[in-house]
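Please read through the structure below; I'll follow up with questions.
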């Protein structure tokens, strides 16, 4: 018997994805991205300097921070600012977002400035990190457009799109874009980050229960590739607006 | 010459206030409150236990935390979770929100449970703490309704409404509900918290430049009283919806 | 029936106030201030530089820190240095002291130097923050005298005196300068900071139980004004000695 | 032209692996594992209780911590204990080790006790996390043998072996078990964790420079599978000794 | 040529020592001890429970904390509570005070309660740790008297007096009870803690410049023994008062 | 009746001491020192700059850090990096190691560079701090040799050897170089640090139970002097190798 997805979603179907640009006023790029009930606010802030280890290099930097509002989740979690430190999970995710975005940035072309990507989860229903990467790219793109419009950059340092999706084996079936309930039920959970051109940037697969076979891994990678191609199309469409 | 307010607002006029209930899914109460461009997400979470210092008292607890997304502001601020501590300003504000809400709660009637109010600023344009108090009360009200509906409470422990507004002297004129530009220009800044019945819960006035006279203080308190009466009406209206 | 004050003090009477200058050796200003049993050591230290955000401005800075010895209180409290952080209450108080003192300082006239005010409570019996402000002003005055005597300043950057007192409604009666027992019993607690010229610098009123009426607020402000006038006279008298 | 490996190692050849059991006295399992110049001390400590979130479940817990001596590396790094926090990288690695080991543990069969795996890098030359996982499994096995010998367990809760290796594309060629110099030169870096039965536990691939193609990913996974099979054979051989 | 001591003090002469009991109100023991210009407030607080590692042992605990007000010193030092941690020096000193006091306590006779000794330096001029130990013993004695008077203890758990003094070689001459200027000039600095009966509790000697010879060590120990005998006499005299 | 030492060691006999130079690859000096079962890895790292408070002085700095692997001990201790701070004991020990090494360094002759000594306990059986000092000196010597060989120093800034040993009174008998079991049984515990020329650098004696007499102190110092002379001979012998 097959696992029943919410809303009669097909196994290879993304949740409803919505990308709202200009969601807040002040940031150079500000995007609310929704993967079903998961909602992440991604802002891109331009700072005209780089961290100490990059100074004088001529090259820029792209970095990310991730957070979750305490009641984004089913039960309230502690506020990290109040506890006085970010969890290992938070650090892992923000490092992943930063690496993913840098993979499609020509840092030399960016010049000695930093783009800070802040990905804050307003509502969580699985896939917050993949939504964050997908939305952060759009926010970064808007921030770059601001720099281009202001004449601070002559050409875009963005070399390609980047987007991410989760895939998982649930009761023997490969499913695309897991929500929270599906994520809790899955045996293998994989987050895949790919470029617009279809190259892999990150592949992170974890066996939750039993170890997984090469054939399962292959099926999951195929599914992710298809989902990411759709996400990249949606990113590009969103950039056409306004 | 008089200071010109944005959008030709009158000196005693509130900004456009919008209260959106049920803004996120999981919390027992979830309210987006907007005072003009200021947007604060207020959630109320019920936890069926109390902090150690209240245990066995039979009475409940109401507490608040406050945060600001890094790019809620004109220029990006450091993320408190990453720096590893909350600023003095943050702590001061969240203590104020907690005291204000407890002023209209009968903690014994609440029973041994805690209501956590999380006030997170998505976009800042002055008056975030007063918007937070005003929105948190609506969120708390919704959380109490959930408890009543579930039969966990027989009667509401909320004894009155509570709302807050900022007032300030700008170039000799008392102004209601300052936005960021006005706040930066003002000589005296006052945050006032009052109940629906018109009693004072908190009065916090600070001379930014020169000390202020009793007559100025009186004018500001009058203005605040009028503004809070309007806010309480808006809170009650919001509760009628749905 | 009226609340009975300790030592048959009248409702509008300050506790015995003692200001001892030169209490310790090393600081440029060192004052032990006593409000009855409350004893706070206030030192003013001159540092010939300013914090990073003020550098190159030509203007100086005045800042305060507050602490309480672990057994200043009825039962021992944790040492903040051992716990590894200052409480919200401590930060709130030290921010208040700093703002209050800056209100009577011409920072440009001070030049690019910092005056650090350290207010450490040796014994607590209510009103520690108001005693701290009142004593810190005397310490700051002595530090300025040192700078004048050393020829580092040509004229005093202090523009007026500043002092503070607490007032509160206890069983329907407005009382001046609450001690610990009275503070615990009061319905409304207000800390007021005023200049020698009678201008308000800070007004912080909090309803402990029921919200308070405008008439009560007015009565408390009147009482505070009278008490602060007496405190300023005592500050000036203390400066005449030696 | 092909990248030249140190010591004329073939592209699909592991470095010299040495597993020394009983390396220190006190731990229930204590293994020094060497992958070439990389040396990691892995200890397994049994504690007869579980963390709070597992209490009363009847099931046990397996957890890991990772550290690096300050001068394990080419240039000295700060001591994390002195800086007061573990880096994001450290937390990411220790979470990976913990998950990997739990994948081959029947936690119910372990009973309500914890096995703490401490993996401390004495000398680093690339591949410290994969050496740590491979060595930690041997240490955990020895700790379980101690429990079996003491009659605290009737049957081993270990369901299979687990080992890990890094693979990477260096100048277009897939290489097994990268040392530090190779790791710095590689375009794609992948850490793979597999069971003795050949199932995948974790796959973590990262494009360092250009994104990587599916064919490269496939080649790397094949290489990793072969290397891990050899490592599992070496683990089993090591357990035969003494 | 010989080093000239301040105030024509002889080489083997203590500074003026003053012990003021009952210096603050709330603590069970509260002593201001002065060694010349060094002033330390020592309070002893009784808590009717013991730290976790002592629970159920039937025995009590004696522990100490040490602090220095920011402007106790010639130039202002950072406040440890604000920096968020105690320095290594502070921890070393408070561990020493705790050990010294426990050396003259029969912890079983104390019963399952804790005596907290808080030693806070109001003014520093060398020898703060030795003054702290000497004063803390008097404060502890007063706290024990309170327990005896309240019938909580039938007999005193204090087995002897304990006091401490610093000695040092300055320009080839052994000096007793160094002040700050002498401490800065000395080659060897030794802190000695002894009981009333003349037994050694702690000996901590440090070569500041050249290593020191056994003959110097012997001379310093003799001098310390004489000084401590005088301090114990002063402690006992202080206990006779009131 | 006399206390029986492990392995029929005589009262004045050191444990088997082994000094292995070049224990790890990267550090300028790397020494594994063993005092019986106690094993400490001491590395010396040269950094071509000094801490802020030494800059521009022309002189160098020598500093030490100390750590213990979590399972170096009989039962696992918390990892200090995970707890987020170093214990008071750790700080006390690393300050002692630093002072001891600086006592035999001519910091001016070292030039503006820092030697970092990292002493990490792999296995603990008493005397870890004395082994650390003894081993750190050999590691520092090797680091200096590297600097001499590289022509960065013309002459060695090391003025003498330094070594350390613990001594203690166990059941009335003075014992040299206590192991863990002896340390737990002893009444007086003393750590002594001396130079090759026989001068005292540090003497730290602590009464664990009863206070100790001068005659006991004298006996322990004699024993320590003899033990350290042997250790210095072993250090010198170790430097002859290779």
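By letter and in written order, the chains are A, B, C, D, E and F; residue numbering begins at 1 in each of them.
Everything below uses one rule, namely that a residue touches a chain if its C-beta (ideal position, glycine included) is under 8 Å from a C-beta of that chain, and two chains touch if they have at least 3 such contacts.
In UniProt terms, the chains line up like this: A, B, C, D, E, F = Ribonuclease PH.
All of these numbers come straight from a predicted model, not from anything done at the bench.
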Touching chain C and also chain E, the following chains: none
Starting at chain A, fewest touch steps before arriving at chain C: 2
Chain A onto chain D, rotation angle from CA fit, given as a multiple of 5 degrees: 180
Farthest-lying chain, centroid of Cα atoms versus that of chain C: D
Copies chain D and chain F touch via same or different residues, half shared test: same
Centre-of-Cα separation between chain C and chain B, whole angstrom: 28
Chain centre separation in whole Å, for chain B relative to chain A (CA means): 33
Chain centre separation in whole Å, for chain F relative to chain B (CA means): 59
Per-residue multi-chain contacts in chain A, two or more chains: 84-85
Neighbour-by-neighbour ring order, given that chain B leads and chain C comes next: B, C, E, F, D, A
In the complex, chain C residues that touch chain E: 24-27, 30, 37, 39, 41, 43, 45, 47, 65, 67, 69-76, 79-82, 84-86, 90, 116, 118, 120, 122-123, 125
Chain C contact footprint on chain B (complex, rising order): 85, 88-89, 91-92, 94-95, 99, 103, 160, 190, 194-195, 197, 199-207, 210-214, 217, 221, 225
